[in-house]
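Two complexes are shown next, each including subunit A; its partner changes from subunit B in the first to subunit C in the second.
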Partner chain A sequence: MNTPLPVQPPASVQIRRKRTMRTTLEGITYLLPSLILFSIFLFYPMLRTMYLSVYLTDYQGNPVQFVGIENFVYLLKDVNFLQSVKATLLFVCYTVPTSVFLALCLALMANEKLKGIGLFRTCFSSTMGMSVAASSVIWMFMYNPSIGVINKVLSLFGISDVQWLLDPKIALVSVAISTIWMNTGFTFLILLGGLQNIDPSLYESARIAGVSYLYQLRKVTLPLLSPTLFFVTTVSLIHSFQTFGQIDILTKGGPMDATNVIVYSIYKDAFINYNFGSASAQAVILFFAILVVTFLQFKFGERKVHYQ
Partner chain B sequence: MNVLRTFLLYALLITCSVVMLFPIVYAFLISFMSGAEVLQGHIWPQEFTTANYVAAFRKVPLLEYLLNSFIVSFLVMLGQLIVSSLAAFAFVFLNFKGRDVLFFLCIATMLIPWEATMIPNFLTVQKLGWLNSYLGLTVPFFALAFGIFLLRQHFKTIPLELYEAAQVSGVSHFRFFWNIVLPLSKTSLITLGIYSFLTTWNMYLWPLLVTNNDRVRTVQIGLKQMQTQEISTEWGVVMAAVIVVILPTLLLLFVGQKHLQKGLMQGAIK
Partner chain C sequence: MAKVELVHVCKSYNGKEDVIQDLSVSIEPGEFFVLVGPSGCGKSTILRMIAGLEAITSGELLIGGIKVNGMPPSERNLSMVFQNYALYPHLTVEQNITFGLHTKKISKQEQKKRCLEAAEMLGLTDFLKLKPRQLSGGQRQRVALARAIVTHAPICLMDEPLSNLDAKLRSKMRSEIRQLQRRLGITMIYVTHDQVEAMTMADRMMVLNEGRPQQIGAPLEIYNHPSNIFVASFIGAPPMNLAKAKVLESSLLFNSERVMRLHHHLPSSQQQVIVGVRPEHIRLADTGDEYFIAEVVNVEVLGTETLITFELTKTEHWIARWSGQWNVHVGEQVPLFIDETAFIFFHEDGQRLNHPVSSYVASGEERK
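For the complex of A and B:
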């Protein structure tokens, strides 16, 4: 950029310096809104969360007494927190692989060249426009033990009175099923985009070579789709760690804390029990969990991924 | 063989569509049923009645909630478009010291889950006196790393010669940004706009924290409110509200599906 010329009169150096100063100032001006907002609403609160996590706090969230890692030690011994970690991890395992797999199947079907395929694509992506609150209210009704459609249908098969949201053993699965449905739209749309980016001439040569559909899927489609699959899995994982709305509406973390996932636990501790210190410690743990997931995905996902 | 395959594919596609759409259609049908019919567990209403919709607007300030959601979503959309495009412009066209460091900072924001920052954010907004105001609902979301990346990708496709020509003819940076870069990036701006509007309209946790009266409450929180107040008795009314709430975003999604798909891919992968 600033390659110095061999001989340069001092005046032009000065002009040049002035110019660099001006462009720097100008650049920063354009970035200023973003920088200020990021600082106030992202960097500062993240540091503040870390700070609060080593303090006991009062009801207004002011730090009162430094306790070091005590909040964390307490959490790791706390049955409720361990239950919340377990619920979160189970929830992630239930939702992420299933939604990615189902969305992949839908995307493969919707990528075929058929009449009216656009209509099906719209159907499959429709849940992306649905809010968590609206979807949860609908599922709440479907799960209703006496008048909901799910138990009505099951009763035809002689299964009766499943307490979808009140039975501690199945409540988390119920929430997971509704979540998978909610996530399908987004995941489908991204995967379909990935499929459409694959060079059609490759399929042409596969067709001429006369390979079977499954062979083509394994040797052409999936390897070329792997960057997209990789991206969608990472996003779904992170998303899954941040689940809140469906828990708040469907189960409120119950029954017996079976669905008390981490973000709900943070919310309850901070805004219902006013225990900001402990809630901040949990938020720090959430931050590091997501950091580790992102890091692992990039480290190990990268190798299996085939970039075009 | 080929006919059989096509037939099977259609069968599968239709089955999957029915499963995917079922909850939405179900809610739609329930919203036209009378209370007694809902309790009998019917799926198809014997008589379509719009009473639930009337009730939904009468019993809760649904119209007010809708208006609030529109205002908040629109403001966030506008804010994100302005803030992101300014930043993206600097990252693409202005060459200055420290740019890479700042760009790295922007990437770093993507590693921070918003939920990990919500406690201090709540306290900040409280201290600013922004609880129960549009400011508290919108301003914290104006800066968006995804938006900056998305627009940056597009700005990079604008030929540098254009920029140089503008420089030579003495056009100021801002005029170049406003008169040339923005009009050339219409599609990306639309994509980001749709994305912003959709996500803000559907936001749940933050509005739950910072609103506690009907004056600024958004529809999503309104739904929660309804569902807890009228739970077992008036499901028809609740479903009518659900349909009203999802209609704007579903329409927006159907119109902007292609845009959104392309944009999400660009911002994410390349």
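For the complex of A and C:
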């Protein structure tokens, strides 16, 4: 059995090589449209950002002087930037676990077979259909200290005049709450889909075995939902790091930079202060931060995921 | 061991038409009871009602003499094997087998012991640490069986447990399940659409059609004395030969083409009947038999037996089953003979007609 393979005659090697070339070309042709789009709107700006992050720039964003890692060094000493980092991390911690947990609870409820459950499913997922801008405006009105519905309700309980978006202590929480509300629809829908994918006979078997609801949740539902949960958490995490719209509309990074998350800070540096070099450096830092977090999540989170 | 009784049970999913109509049956302790019928006749529905997974619309379900209509599944003290096995993909075989035992206040040691016992019985000892996806279909099937065994429940329900297996494995598992049931002495309620499974496994079986019970009895009794043409054609492969006939004095007239003379066993009161004959009762005529000639239209030689399809009339074909290998050709004219006692008569509406000497027929057929 161990005889060496006969040496291929050169002609057939050439034919085979030609064929591989052909199939490779064919594959590339199919990929071309998305490759072009990605290159124009994703890869080029990314490389350009990295390039700019090591330069000082003028007001038009043209590189003037190569400064190496000076932009980064400056940023890491800058209190404003460190405040942005803190705000971003806090924001992620507020929004991701809460929205995933909330969506999970809603999905578990909406997965029950009850009359009229379709109505609730629609309600719970409806925030997915709203743009960030529209929902931010709604929340802005609700947060309004004098005419907002939230303060009206609170005043019934004797709590008055909470400055939702103006108090530096609670502004970030307020934005986080509205973000959770916006994210829930999408997360809920994906989780509900994951729940519906679980074979009902597994639950029937558990019913005959007579295990409690919590035991079933822990031992059957969550493990089988874990791929979906993992996906949803990863996406929410990335999404949360990149939050921009609601901050721009609700607080513009204020008050006292309390909600000045990195993406907003990049925006301000680049398009208000025209400091493209520093903005690019921040973008690069954000990129690597997300990369590292996602990588860590894959490395440690995925161990608990049961793919079927 | 526990007795399972259904008393005038009806089931309707949408509140309008009944999926199960007026079902009454009593399943004895330790019995292997098979529910058999074509797809969609409501077998699974009955099983799921007994398990408590589906509510009973009207009627009573008694287990061990106690009415259990509203009782949750876990308190009915039964186990169930699902068609797709319902194994938890993320748990090992061992965890799958012992799943839920803690609710029955069984100690960890006892769980382990029972698991090993069941694994031993079903030849799963080497696989206890594997996940279900690493097992073959037959092994998964055994895990599902083991899970039913470890509960030590006196009643076991199975919903087409063998339908995902290939033919060879199926016949092997058939006898394994049967032996297991005998050894453990459990009451088994087994659903299948395969009449061979029903015939070979059942102590008693119930044939269902469109939610109505057609006949309940021992497999041979049902085979030999089908109560209507549905049962006659559903049980047995190839099925019973059936044809409409006119009764003229002492002969049967098929489609005004073929006449068969009978001496004793004609149904007296009827003009139009449906005549049924099992394929094995149609044999090659010997000298002296009162034979009829028919043209062969198809021959299937199966090794141990030969199936010969012949023209009864221009439009109706019957099948004869001769044991052994026969060299018969298509188009040949063969002389055939049917023993008078083998004829079974049905009313035009499909119900069995009372045979004048049915007791004789019964003893005559059960001899072989």
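One rule holds for everything that comes next: the second predicted complex is superposed on the first by the 281 of 308 C-alpha atoms of A that agree within 3 Å, B and C clash if a C-alpha of one lies under 4 Å from a C-alpha of the other, contacts with A are read in each partner's own complex, and residues count from 1 in each chain.
Here, contacts are C-beta pairs under 8 Å (C-beta built on N, C-alpha and C of every residue); 3 or more make two chains touch, one makes a residue touch a chain.
Note that the structure is a prediction, hence the values are computed from the model and not measured.
Judged by the number of subunit A residues each one touches, B leads among subunit B and subunit C. In the superposition on chain A, A:Y55 contacts neither subunit B nor subunit C.
Once chain A of one complex is fitted onto chain A of the other, the partner contacts of A:V263 are limited to subunit B, with no touch recorded for subunit C. When both complexes are overlaid on chain A, the residue A:L224 reaches subunit C alone and has no touch with subunit B.
With both structures placed on the common chain, the touch criterion links A:F81 to neither subunit B nor subunit C. Once the two complexes are laid over each other on the shared chain, residue contacts for A:W139 go to subunit B alone; subunit C is not touched.
Look at A:V211: by the touch rule set out above, it reaches subunit C but stays clear of subunit B. Legend: residue contacts after superposition of the two complexes on their common chain; A:Y94 is shown touching neither subunit B nor subunit C. Of the residues of subunit A, not a single one touches subunit B in one of the two structures and subunit C in the other.
Those residues of subunit A that touch subunit B in the shared complex are 1, 20, 23-24, 26-28, 30-31, 33-35, 37-38, 40-46, 48-49, 52, 60-61, 106, 109-110, 112, 114, 117, 120-135, 137-142, 146-149, 152, 181, 184, 189-190, 192-194, 197, 227-228, 231, 235, 238, 241-242, 244-245, 248-249, 263, 266-267, 270-271, 276, 279-280, 283-284, 286-287, 290-291, 294. Interface of subunit C with subunit A (complex): residues 51-53, 72-75, 78-80, 82-84, 86, 88-91, 99-104, 133, 151.
Residues of subunit B that touch subunit A in their complex: 6, 9-10, 12-13, 16-17, 20-21, 23-24, 26-27, 30, 38-41, 43, 82-84, 86-87, 89-91, 94-99, 102, 105-106, 109, 111-124, 139-140, 142-143, 148, 173, 198, 201-202, 204-205, 208-209, 220-221, 223-224, 227, 235, 238-239, 242, 245-246, 249-250, 252-254, 257, 260-262, 264-265, 268-269.
Across the complex, subunit C is touched by residues 199, 201-202, 204-212, 219-220, 223-224, 306, 308 of subunit A.
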